[in-house]
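Both complexes shown next keep subunit A, but they swap its partner, so subunit B is in the first and subunit C is in the second.
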Partner chain A sequence: MIYFWAFVVGGLICALMEYISLKFQQLTPGHLLVGLTVTGAIVNGFGLYDRLVEFAGAGALLPVSGFGAAITRGVMEEMRRLGWEGLLTGTLELVGLGIAAGVLFSTVAALVSAPRG
Partner chain B sequence: MDRDQTAIEGAKDYARLVAQWAPKPNVPLLISRAFLVGGSICFAGQFVFDYFRQRQPTEVEAIALTLATMISAGVLLTALGVYDHLGELGGMGAAVPITGFANSMAAAAIDFRREGMVLGMAAKMFVIAGPVIVYGIVAGILTGLVATLLRLAAG
Partner chain C sequence: MTAKRVGQFTVQFSQPPRIVGAFTLMGPREGQGPLGKYFDAIVDDYMWGEYQPEKAERKFLEHAARRALERAGVSENDVDYFIAGDLMNQIVSSTFSARSLGIPHIGVFAACATSTLGLSLAAMLVDGGFARRVLVATASHYQTAERQYRYPIELNIQRKPTNQWTATGGAAAVVAAEGEGPRISHVTVGRVMDWGVKDANHMGAAMAPAAMDTLLRHFQDTNTTPADFDLILTGDLAQHGSKLFRELVKREGHTLGGKHMDAGASLYSPEQQPGAGASGAVCSASVLLAYVLKEMAKGRYRRVLALATGCLHNALTTQQGDSCPGVCHALVLENG
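Entry: the complex of A and B
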């Protein structure tokens, strides 16, 4: 059942963003991604987004709002462990692995593949 | 003076004509495509999430590994030229999932390599990913701060 909700919730978030991009054409995808990330980070202040992840799994986790929510979750978990220091060390706790992998593989991709266009 | 007036009227007519003849986006079609492509990416990601949830001691580690795996998959599909087609088909449906974030990094790195390895490949890699990370971190810290202060205030 979670596969069904992953499809529906993930699809709905994407459809909503497509609607916003058509409605407000002055907004670039960059603006929309930043807006969605920040929304996810704020909504997870009291673990609300984590509940959506429980319900819809990857459907909530994979849109960039899940990326923002993962930053907040890292901050909250590290604060529980380390106190105020965690406010800063927690930011990349969950997403650092992904960013590092993205940087490494993007660099490799740039080296081995021919530019297009 | 008269000539200016004519020119302004002409420009307005032209703008009206452009608006009249510009292709209207088929809104329901584009939104359904975004739904299908975005939903399918999340559906595929659920298999990855389940895989790591069964094998990792905590959910936090499963989330980190799922994000990293999907980012790596996004980079791979971009390098193979597949993600471009997905972007044409799905619009925001391909851009919003974390694979789209990876696509923005890899595509820029590949395309701007010719402008040099430092100011081309490395700098352009973060044209879209950079703002997302910057505002994500700022929002995460502020949210964590406010949530903790509220919790302390509540006792």
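Entry: the complex of A and C
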């Protein structure tokens, strides 16, 4: 059942962003990317996104809103541990993995492939 | 001195120069399109053996220019000027091609209106007695234009329905006082028009007012109507821009009907999913120098008004929230 809800929730998030991108054509991919990330972060500030993740698994984790939610989650965990300094140390606490993997794999991809379209 | 001018904007040549040789060299997608059979050569590889598409674009321009010289039966030494322009920053495809050609170079920028601006300047130089022959060339490339104006293709950004697909290829022509080929009888250099279209993904809408303005100015100056032409070629307004253009022209009291053809709307078939249609400096250039010239040689068209349109924004002006100015340059081609 988790697969089904992952499909539905992930699909709905993507469909919503697709709709926004077609409806407001002046928005660049940068706007959409940052918009969805920040939305995920804010929603998880109220602890709501983690509940969506429990419900839909990868369907909620894979869209970039899941990345935003992980930023907030990391910050909150670090704040519990350190106090206000956690606001700074926690930002990349959980998402550092994703960022480092992104840099590593794109470097490897750039080395082994030629530019093409 | 004013004998060659009619009206406020138009030049009427006393001894109309001729297009004595032309060559269009297009990419794979263009070759598969509805006008594919008109092009002189197709290169099946977007990269044409180069590592970067910018280098391929240069190659398209240079090869088209050299083959146009062959078609005209002349060598570099017989040509007095090489007028070229393209879409790259600092028109590097043109200037880098000019290195090896060794012909005095005049660089022009009019975005996708480069074809008619180049041919117009060439005709003026020839009819003015400043040159015997002038080589005109332009090129564009899908991948280089995407990288410079929008996003690198590898980023996989979704295209909008109003997006146009930059044509890949090079096109060149030799304009001369003597020889065989259609004559350039009139030239109307256009004004830059800006109706405040801020969406750089909607270039057709940004260029339609310029096309309308130049068309009306030309009609006014030469006292002509659509009935005086067999074909009115605009380009590259594509689907949405063409619709707007016809509506704007209709509002001014002219009906173009079946005589209007848009280069951007003709280069690809809908099955090729080009969005609104084609664009790029080579789009109007290739339709004019391949399709129109060949149909004129067959006698299907005798008098053609070509209105190439260009959108004059760059990536920075778009990011800074500026609107997109458009421009359109017109010329009349005549048989005989």
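By definition in this document, the second predicted complex is superposed on the first by the 116 of 117 C-alpha atoms of A that agree within 3 Å, B and C clash if a C-alpha of one lies under 4 Å from a C-alpha of the other, contacts with A are read in each partner's own complex, and residues count from 1 in each chain.
In this section, contacts are C-beta pairs under 8 Å (C-beta built on N, C-alpha and C of every residue); 3 or more make two chains touch, one makes a residue touch a chain.
In this text, all values refer to a predicted model and were calculated from it rather than measured experimentally.
A.B. asks: Is A:Gln26 in contact with subunit B, with subunit C, with both, or with neither (first, second, both, neither)?
C.D. replies: second
A.B. asks: Counting only touches as set out at the top, which of subunit B and subunit C does A:Ala101 meet: first, second, both, neither?
C.D. replies: first
A.B. asks: With the two complexes superposed on chain A, say which partner A:Val64 touches: subunit B (first), subunit C (second), both, or neither.
C.D. replies: It touches subunit B, and subunit C stays clear.
A.B. asks: Touching A:Leu87, do we find subunit B (first), subunit C (second), both, or neither?
C.D. replies: Touch status of A:Leu87: first partner only.
A.B. asks: Applying the document's definition of touching, compare subunit B and subunit C: which contacts more of subunit A?
C.D. replies: Answer, by number of touched residues of subunit A: B.
A.B. asks: Pick one for A:Leu48: touches subunit B only (first), subunit C only (second), both, or neither.
C.D. replies: After superposing on A, A:Leu48 lies clear of both subunit B and subunit C.
A.B. asks: Considering only touches as defined above, state whether A:Ala6 meets subunit B (first), subunit C (second), both or neither.
C.D. replies: first
A.B. asks: What is the shared patch of subunit A, the residues that subunit B and subunit C both contact?
C.D. replies: Overlap of subunit B and subunit C footprints on subunit A: residues 18, 21-22, 29, 115-117.
A.B. asks: Of all residues in subunit B, which touch subunit A in the complex?
C.D. replies: 25, 27, 30-43, 45-46, 48-50, 60, 63-68, 70-72, 74-76, 78-79, 81, 84, 90-93, 95-102, 105-106, 109-111, 113-114, 121-122, 125, 127-129, 131-133, 135-137, 139-141, 143-148
A.B. asks: Which residues of subunit A touch subunit B once you look at their complex with the stated criterion?
C.D. replies: Interface residues on the subunit A side: 2-3, 6-15, 17-19, 21-22, 29-30, 32-34, 36-38, 41-42, 44-46, 53, 56-59, 61-64, 66-68, 70-77, 79, 87-88, 90-103, 105-107, 109-113, 115-117.
A.B. asks: State the interface residues of subunit A toward subunit C in the complex, per the touch definition above.
C.D. replies: My answer: residues 18, 21-22, 25-26, 29, 114-117.
A.B. asks: Which stretch or stretches of subunit C touch subunit A in the complex?
C.D. replies: Per the touch definition, subunit C meets subunit A at residues 46-47, 51-53, 142-143, 146, 151-155, 157-158, 160-162, 198-199, 201-202.
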